[in-house]
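Next come the structures, one after another.
Shared between the two complexes below is chain A, which has chain B as its partner in the first and chain C in the second.
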Partner chain A sequence: MSRPAPPKAKHATSPWISIKNDLIAYAFMAPYLFLFIVFLLLPAVVGVYASFTKWGIIGQPKWVGLKNYNKLINSDLFIESLQNTLYFVVLAAIPLIVLGFLLALLVNQKLRGRNIARAIVFLPHVVSVAAVGIIFQWILERSSGLLNYYLGLLGVNPPINWLGDPDSAMPAIAITTIWWTVNGNMIIYLAGLQDIPEDLYEAARIDGAGRWQELRYVTIPMLMPVNAFVIPLTVIACWRVFGQVFVMTRGGPQGSTFTVAQFIYETAFVNFNMGLASAAGVILMLITLSFTIIQLRAMKVI
Partner chain B sequence: MSDSWRKESVYRDGSLNYGRLALYAIMIFVAIVWGVPFIWMFVTSIKPDTEVFSYPPTWWPDEPTLEFYTRLFDSFPMMQWFRNSLIVATITTLLTLATNILAAYPLARMRFRGRRILLLIILSTFLLPGEILLVPLFLGMIKFKLANTYFSIAVPAAANAFGVFLMTQFFLSIPVELEEAGRLDGCSRLGLLLRIFIPLSKPVIATVAIFTFVRSWNDFFWPLIISNTDATRTVPVGLAVFVGRGLSMRFGVIMASAAAATIPAVIFFLLLQRYFVRGISTTGLQG
Partner chain C sequence: MTKRSLLKIVLLALVALLLLPGAALAQTPVTLMHGWTGADNTEMLNTVFARFNEENADGLVIEPTALQWDDLFTQLRLTAAAGNPPDVVMFHNTEVTGYAREGILLPVDDLMAAVDIDLTGVPQNIIELSKVDGEFYCLPGDLHPMNLYYNVDLVEAAGLDPDSPPTTGEEFMAWAEAMTITDDDGMVTQYGLDQPLGGSLGRWFFHTLLYQFGGSWLGEDGLAAVDSEEAHEALQYMVDLQNSGISSMGSGVGDISAFQNERAGMVLVGPWMVNSYIREGKNLGTAVMPTFGNVPATWTNTHCLALTRQDSDENYLNSMKVIKWFLENYAEPGIKVGIVPVLPVALADPYWTDHEFAQYYAPFVDSLSISVMEPAIEKYTSVFAFGGQSPILRNIEAAQAGDKSVEEALADMKAGIDEILLDE
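Moving on to the complex of A and B:
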């Protein structure tokens, strides 16, 4: 930023005015940039640095090179947390995207009461993960839980031990997550649907398109730019799953819901192994980043 | 549900047919699935101990009671947690608004060196998983003896780029003519921002404020690690720790705690619904 002005700035009246202009601009941004640098940029850089060190809660970091990464690759617990999180991403991200889209289609219909339906689906958005986790622990409870009662009426017997069985615990966390956060994607898709020009539908109809064709050749292609940010943001959010697990299962039973964020939490803030936790954080960052790049490549955005 | 033929003229008069009936049925089902957990939470919280586990489930207690709420407020510092949440969310929101409005103005309306790269760096943080920041922030707060303070919970959240992005977008849409008229009248940059941009941006400022407030109110991971005393603990952290204290079979009190935390948020949402919808649909960010 301290480099000399690029030649294209010459058309400004004089270099002095341009420098004064720069100063004013940076003066306006200074308070935010201070927060941004101190609480976002610097911690991100230090986080990457910390991943190459041995660092306890007190004392100085000691450079250890790739030792933390080596430890992680050979740690069954970490590999398991990666597998569990990937499983969660598959279980939750796909429904979050597909259901978000379908719900948007639904509440975009000219139906009486659709505003109420929108509001109800949106409501969980303002509820904290702690409350959501608590509510669903009760709903998913084995013997007196609401879900098992209604599943029982539908003939599901014996009742599922949702949070107590390693096979069903992660699906239960995924169900909770979908109920809690699908509304965000619904709202984004809804805005996308409402931005599609009416002419396109009319043109399609004149060409004899039925509903399916309209959906396939107008709605879905027109929503591609929306997908380009809904999909990466949903996948990133799923990779970071923490609160639901912390409240509902603490990673259990038998480690079946132990996720990467959980690993970071326990390594850093229970065992105070800051270097190892940072390395896990860097790996999480690399995973989400490569997912995002692959997705955007596949969609030909970049 | 595949019915995307939203403007089908035959149906526009609202007449019923099987397709529309099916849509109504689906819509009602959706409303039940998303509404019932709230109702169930509330109903459980006012059931006496003898009725909590009644089977089949009952939708209204024979003897409704507020006993769990009194027990909740007697045995746990709920009011203190609420106060902490309120203070933290207010600090984060005010700090976010003040710094973001100032930063968005030059980003949207001035040509200066470094603008493009700065925007790129700020926006790229949307893709950064916050877990990488936790360790350095935590160690920094410990080092400067700021752990367990409102500062440590509230201030880092104000570095989030969401509001800057939203306000920059909005400022870009304000007509140049208005700005030039103000400049001819001898307004300084700050005067332009205060007298022209801020009054025109009230809706977007409200959106950022409400979003930031709710995000801060519900934030979990960071407050969990940086506050471990009731003096600064926020509601979500209090709830999570409180459930972790081995009360997990006493669903009455637990549901009362969830309801006490949820009811203010729900009222807040019902009053300010449209701002949430706008915030999400313009940025894709979900708090």
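Moving on to the complex of A and C:
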């Protein structure tokens, strides 16, 4: 049986109509484009310029060439902040992606109460970083915290100084971050799961695929475009970690949770060395850009 | 009278009606930036400013802006760079030198004389810290020294006398040990002292001990003097105290929740905690900081009010009138925020002397004479920072945790402070 020929598209052959369509498209983009240029692009360009200057907010920036970059490369504090941030990325990004995916699989099941489950899992996402930090400070507090109380009942003694011990502080912040933000990834994966056509699963089942094969040969490959979105964004967000660290440990104890974003913040707004802070910001941008390109290349997206 | 004339009169009358009340209500705003954002301090301060706005007959109106301290320092610089800083800024004496040298603040000796501000009776060291290069750049309002709080119920339960709080290191340890309780499994269920590892409270306690043992932060060369024998004694005392098992060892971010949760008998902190502890219903006692070292001393800082340089000098006198009124009416913010006024007129205010909290603040007033501030150097906010860069916090924490010896920690602390001081 032959399929009917599709109706011919009414192409706008006139160049004037094409220009008009383009203008309409640009008009729709204009408000965001304006905000993007004024609040993101221009500050970024100024930031790159500032990274080659000595500038304390007051007065005119003074051109110093690569001096700030040279200072950063030789700064133990900056190198330490990079190492700490990389450690956080490893601790938090992988669970955020894997758990986000698993949670999405879970709440995508046709089970009773799944809408309530979705709401409960998503709930932490609406809590502000300051509130999350304070709540977890209390939960993780050494002498009277909730976690140590229950661990004490299980016989863990002496109590663990989660935020006061350099070995446990960063893992504690990573756990806090995972609890707080994993649901964002869950929602994106859930949307991806719901976009996979049901007939692909039916075809797989007809071919004898079990649950595991469905997951491996249908679900995961079909979620590649979602991965291309979720993985780089999660890694970038982890590299920029700041709020929860600032509230919970302020970079301590002994600088064990001192991250690049906090280095930038303190250099800019405590020491008022805007040039050095901008240079650190440029380096952070280059790092996240490199990670993103590597990830997208590995996934054959670019 | 013609219709046209009548119309003119009516119109003139209408214009007069519209303008006259405006003239009568003409108000001169005095903008004020402050960092009192903790607890309900902003709201409380707004009620004080509202009282000024109501009482004041000159038409001056305080327009306050409350910012977190870090944001305040940034905003002050940004607004100064943009040419529209607030008329008045309220921060700490320790931050004045840097802003004065940058040209953000105005010397106020002449204006003080013009509005007749009397600083008689204010401790001389505070007066000196209000000056830069011999000129007044700020007017001190209060001190908030670190002292001893104790839970009277826990003290009594330990068989101690709450009316005789410890005054020496030995007495303090005896109290702390008596209040430290361990269960049958060897788990500590109650600590004698709630002292966090490092953090700002750690820095302030180290400062207290440093001066009690006769040391100081800076040497005559202007560089760090924390490698001294006195500094060694101070940090060693802190480490020993931490290792003695009487201390809660919370995390460094001001974590004194063990005392708050009645799982620690004592805590060393400033007067700003009085309000919240009383509100929580604690049976509270306060006392002057015990002398652990050779001489009495305790950490303090002070809030002060300063004028910023403006394009025009027309509002300077008005701004100084606001400062004078505020200093003389410091009793209410003193009680409600938990800070000790330094002007005798404010300390003699019945609001201060007759208030039910006066008993808790009395030791803080008594400790004014032994209060020592950190050096008000140009790079104060960088050297004495609260964040992860601070070589002071890092090395106190490292020594307390046993990750560095006291010698190593102090050597690294000196190197870190000197690096900041020498950085151009």
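One rule holds in what follows: the second predicted complex is superposed on the first by the 259 of 302 C-alpha atoms of A that agree within 3 Å, B and C clash if a C-alpha of one lies under 4 Å from a C-alpha of the other, contacts with A are read in each partner's own complex, and residues count from 1 in each chain.
The definition used in the following text is that a contact is a pair of C-beta atoms (placed from the backbone, for glycine too) under 8 Å apart; a residue touches a chain by one contact, two chains touch by 3 or more.
A quick note: this is a predicted structure, and the numbers were derived from the prediction, not measured.
Chemist: Quick one: name whichever of chain B and chain C touches more residues of chain A.
Modeler: Counting residues of chain A touched by each partner, the higher count goes to B.
Chemist: Check the residue A:Pro221 against both partner chains and state whether it touches chain B (first), chain C (second), both, or neither.
Modeler: Once the two structures are laid over each other on A, A:Pro221 reaches no partner at all.
Chemist: Going by the contact rule set out at the top, does A:Pro197 touch chain B (first), chain C (second), both, or neither?
Modeler: In the superposition, A:Pro197 touches no partner, neither chain B nor chain C.
Chemist: Who does A:His125 touch here: chain B (first), chain C (second), both, or neither?
Modeler: A:His125: touches chain B, not chain C.
Chemist: Contact-wise, after the overlay, does A:Trp212 reach chain B, chain C, both or neither (first, second, both, neither)?
Modeler: first
Chemist: Does chain B (first) or chain C (second) touch A:Leu77, or do both, or does neither?
Modeler: Once the two structures are laid over each other on A, A:Leu77 reaches chain C alone.
Chemist: Of the residues on chain A, which ones does chain B touch that chain C also touches?
Modeler: Chain A residues touching both partners: 57-58, 137-138, 141, 143-144, 247, 250, 265, 269.
Chemist: In the complex of these two chains, what residues of chain A are touching chain B?
Modeler: My answer: residues 1, 3, 5-6, 9, 21-22, 24-26, 28-29, 31-33, 35-36, 38-44, 46-48, 50, 55, 57-58, 102-103, 105-114, 116-117, 119-131, 133-139, 141, 143-144, 146, 149, 179, 181, 184, 187-188, 190-191, 193, 198, 201, 211-212, 214-215, 219, 229-230, 232-233, 236-237, 239-240, 242-243, 246-247, 250, 260-261, 264-265, 268-269, 274, 277-278, 281-282, 284-285, 288-289, 292.
Chemist: For chain A, which residues count as touching chain C in their complex?
Modeler: So the residues of chain A touching chain C come out as 56-59, 77, 81, 137-138, 140-144, 152, 155, 157-159, 161-166, 169, 247-255, 257-258, 262-263, 265-267, 269-272.
Chemist: What residues of chain C sit close enough to touch chain A in their complex?
Modeler: Those in contact with chain A are residues 70, 73-74, 77-78, 80-81, 102-104, 185-188, 191, 194, 196-199, 248-253, 255, 257-258, 261, 263-264, 381-382, 385-389, 393-394, 397-398, 401, 403, 420.
Chemist: Quick one: in the complex, what on chain B touches chain A?
Modeler: 1-8, 11-12, 14, 20, 23-24, 26-27, 30-31, 33-38, 40-41, 44, 52-53, 55-57, 95, 98-100, 102-103, 105-107, 110-115, 118, 121-122, 125-140, 142, 155-156, 158-161, 164, 189, 193, 214, 217-218, 220-221, 224-225, 235-237, 239-240, 243-244, 248, 251, 254-255, 257-258, 261-262, 265-266, 268-270, 273, 276-277, 280-282, 284-287
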